[in-house]
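Below is the structure I would like to discuss, written out as structure tokens.
Read from first to last, the chains carry the letters A, B, C and D; within each, the first residue is number 1.
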Amino acid sequence: MFNIRTDLAVEAKELWQETAEKQTQLEGVIARDSEKNGYKITTVEITNEKGEQAIGKPVGTYVTIEIDKLINREDNAFMLGAETVAEVITSMLKLNVGDSVLVVGLGNEAITPDAVGPKTARNTMVTRHLVEKIPEHFGTMRRVSVVQSGVLGTTGIETADFIRAVVDKLRPDAVIVVDALASRKMARICRTVQLADTGIIPGSGVGNSRAAINKETLGVPVLAIGVPTVVDAATLAADLASEAGVHNLEPEDLSKHGTSMIVTPKDIDANVADLGKLLGYGINLALHGEITVEDINMFLS
Amino acid sequence: MFNIRTDLAVEAKELWQETAEKQTQLEGVIARDSEKNGYKITTVEITNEKGEQAIGKPVGTYVTIEIDKLINREDNAFMLGAETVAEVITSMLKLNVGDSVLVVGLGNEAITPDAVGPKTARNTMVTRHLVEKIPEHFGTMRRVSVVQSGVLGTTGIETADFIRAVVDKLRPDAVIVVDALASRKMARICRTVQLADTGIIPGSGVGNSRAAINKETLGVPVLAIGVPTVVDAATLAADLASEAGVHNLEPEDLSKHGTSMIVTPKDIDANVADLGKLLGYGINLALHGEITVEDINMFLS
Amino acid sequence: MFNIRTDLAVEAKELWQETAEKQTQLEGVIARDSEKNGYKITTVEITNEKGEQAIGKPVGTYVTIEIDKLINREDNAFMLGAETVAEVITSMLKLNVGDSVLVVGLGNEAITPDAVGPKTARNTMVTRHLVEKIPEHFGTMRRVSVVQSGVLGTTGIETADFIRAVVDKLRPDAVIVVDALASRKMARICRTVQLADTGIIPGSGVGNSRAAINKETLGVPVLAIGVPTVVDAATLAADLASEAGVHNLEPEDLSKHGTSMIVTPKDIDANVADLGKLLGYGINLALHGEITVEDINMFLS
Amino acid sequence: MFNIRTDLAVEAKELWQETAEKQTQLEGVIARDSEKNGYKITTVEITNEKGEQAIGKPVGTYVTIEIDKLINREDNAFMLGAETVAEVITSMLKLNVGDSVLVVGLGNEAITPDAVGPKTARNTMVTRHLVEKIPEHFGTMRRVSVVQSGVLGTTGIETADFIRAVVDKLRPDAVIVVDALASRKMARICRTVQLADTGIIPGSGVGNSRAAINKETLGVPVLAIGVPTVVDAATLAADLASEAGVHNLEPEDLSKHGTSMIVTPKDIDANVADLGKLLGYGINLALHGEITVEDINMFLS
């Protein structure tokens, strides 16, 4: 299996197809494009083990929303974007009235490109205690609890262990995990949201089942939401060289130089703030049927 | 039982004694003063239910360190202060070689006077993963993991539930919880550290056993470390009036005005930063026998 | 002249009237109440030296907006509040088309109750460079530049000197300074906005002309916008005691205890964030005729 | 003149020499290596217009300190590093007893790789007001004032205009400006400090005299201290390709992809915090003869 170096299924699929000898049909993978509220959406379904091997991602559904509309500041782009995220969440995570949800922000808030999870957590309405203590006011909302997992270096605890501990105690009906991802293409950085019903393996790679945060390990459905915020520097160099007609560069040749370096937009701080708000509002709209963006503003301020 | 409005045992004892009709011996309470490294230390032991009722705190040992020396920036005050904290921790929390410890920072980092716990967490060396993964380097250290519990409003999860979830998963040999406290006297604000082997009840009061974070609820010894950072505004007013010769003011009369107001030093930001460092370094020195302040600087930077 | 211990003209006037022997007419002071967009507004005009002496503030117009509506989260309260602030600014600061304005955020961003100025600065649209470099897009806007003055302890420079230096270089047509204030009553903390055409004397008091930031020292009209965020602890104690029927307490008696202590709301962080947004948006609406709250959202994000 | 894409004189010189046809002597440029306190130091002097054209930097002295020792956390590395910075400052900026100095932190604190200037400002002892108001205590120190210039987008004011305004008002005897730089090589990122007696042109390039912050424009000696924290993504790609044997890649070919992307270390937050402390302490040691690192700790905390 070739090493795909991307957390995005849509990108992994593209890379597979770009490889010269693989122009044939890709078995076990179904892709389709659509549009919601002016946002372009791509759905990649990996249906069997063949697809899994080709793409390097587990069987499941991966939905990608391109958010150029938001970045270009088109009219109503934020509200339409949040609604689009909400609609995709609703379609992927089948919830019943009264279900409770745990939202987990993965990543290190102190490292800007890694702060998408924490920023989303801050924009998510925490309602569990309110529904239980003031049911006359909040009784129609779903019970939502929110944790930030921290990272191994700041806690000493494996992220998956931490989340399992909280899930075992709270017994939510579903879990939503939000994380920053790595992409292979600069053009996708901070411009793409991926939602996957397969959960997530922090640090990625198929196989490390102990670290997986998914239905198998947690016992409840897990929706993973991610945004690519960085490209690995060595990967980028190889790709740029390739576009310039130089095809014999391997990321491995370069990794000694780029190993701890990342490529990220100059205005990553503003991007991550925007993304955390988009995802938080999308989650809120999806989980609490009747509310509006204005209600969320009021609740969070 | 009269309402003591303080989280400090030493203060509760003083208040009991100040009451005119209680100049008799206080049963079930033993107090003694001492000094370590130039720091004044007061130990209050509550030995039975009579003491418990008089003071309004559970049976156990409460050690208070007065840190004026540090605030006055005397020579070597920080190093001596951290060592003093470490010595008190060592005497109160009997640990064996190889024991693991969970350090919990309680409170809301975004509210400055409530950020003592989170700031201490940031100054605590996280070693659990290092000891397990790189034993050749870190094998002689204790395994320390660190979590910040957040607060109910930002997580939807009761603090005690959250900590129990983590303790059930990690099974540490001891827990240290660090929190900001309320005092009755302005003179103690940010100038006193209390260590108690009784654990802590966030929001305080005896009796609410569900919320307690102690040996009974967690199954392992719990050392609570706290620093008073606020006085309740109404309590303060009554006390100040009393000092000026006006004794008929009850905090209750004033609480309608002061209910959501706190009294805190102007430079609370700097104070809380200092305190978080003092407590974190004290914990590090106590848990890892051989290390120095300089080693900690290196590790944390 | 008795020491009024408040930065609010409306409060100083009340205090004057509360004093038993002063139930007579207050000369040199005109006060009137009104309402805009559901917000209560009080205008105090100090018209001559007699009023100046009675109130302890320089001759000029002081407009107070009570923002309970916003704090109670009534419908559209933010938009209406920002428009109210804008209307008052427009009526007090007569600007011509093409005029340029310097907005100065006073105070220390690291000390939460002192961060109203810096937070407002962050919510103010900076347009000076855009109008000059991209006139085809921004030519219809006023040129607005924004500085945060820092505080003496972090710069070594007197605030007034700093602002004069910038004004001498930029030569704006008007200056708006925003600062946190002290009030005498807890009920006004974070609930009142004062706008004054007299400028401001950081650290306050009449007479210290060297430190004044006003038309006289800067050579252009200066509008001061302030919000009380703290009460002096000793003043509070005397007031609370007085309300409880104890009238012989002087703040001076208590100041040895309360000297470096402040009284502030528990949720001061959220309050200051809200206020910075309200004032910034109000300034933006006042300075750039045609824009909407939505336009400002877009510009600032 | 070929476009050098680096703010480091030492790097520009290397690049000149690497070019095949320029193996001859470089006129107008003198370089020498030395060592201080275990730190490697390279001094590049550009002595005339020929050197200026070859290197693309104005005539003057550029000293580079390599701080690997600090990054590797060798014993006493911080103290020795701060002393090394101080010694270089002292040798480049001839100050008399009683001289006053303005320290300017350039850059945007909210963008991590651009925050070296602001972080240094926070670690610089502000003494101007203390020397003037409490001469009996601080009279032997130099008067140091500190400003952060902000950036055009957050102030609407050109950095050079802002600094000139402050210099005209304060009339310091010398100015030290601190800024983040761009390098061409990843190996230098966060590992090199450059000190130049030529001042600085924010945004760089020779010729834009209006924007220059130097002796000519300010009227007093200007020492510029900078640390490279980013590589331009397109430049990096071309360099990496070149090292892999592909020499026909021009940054220009790639810039359409990398234009707003930067390459920076994963742990840039920690790096910038370290660098701000190193430079601030170096400046403090240089400006106030007798003090120690311990004194600075005490003063700043």
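Just so it is clear, a residue touches a chain if its C-beta (ideal position, glycine included) is under 8 Å from a C-beta of that chain, and two chains touch if they have at least 3 such contacts.
Keep in mind it's a predicted model, so treat the numbers as computed, not measured.
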item: Touching both subunit B and subunit D (chains); value: A, C
item: A-D or A-C, whichever has more C-beta pairs in contact; value: A-D
item: Greatest separation from subunit A - chain, by CA centre; value: C
item: Interface residue overlap between copies subunit C and subunit D, same or different (over half shared); value: same
item: Distance between the centres, which are taken as Cα means, of subunit D and subunit A, whole angstrom; value: 39
item: Centre distance in Å when subunit A and subunit C are each reduced to the mean of their C-alpha atoms; value: 43
item: For subunit A, residues that touch 2 or more chains besides their own; value: none
item: Category of the chain touch graph - line, ring, star, complete, other; value: complete
item: Footprint of subunit A on subunit B - complex, ascending; value: 126-130, 143-148, 150, 152-158, 161-162, 164-166, 168-170
item: Touching residues on subunit A, where the partner in the complex is subunit C; value: 73, 270, 273-274, 298, 301
item: Residue ranges of subunit D touching subunit A (in the complex, touch as defined); value: 110-112, 186-187, 189, 231, 233-234, 236-237, 240-241, 243-244, 246, 248-249, 253-254, 257-258, 260-269
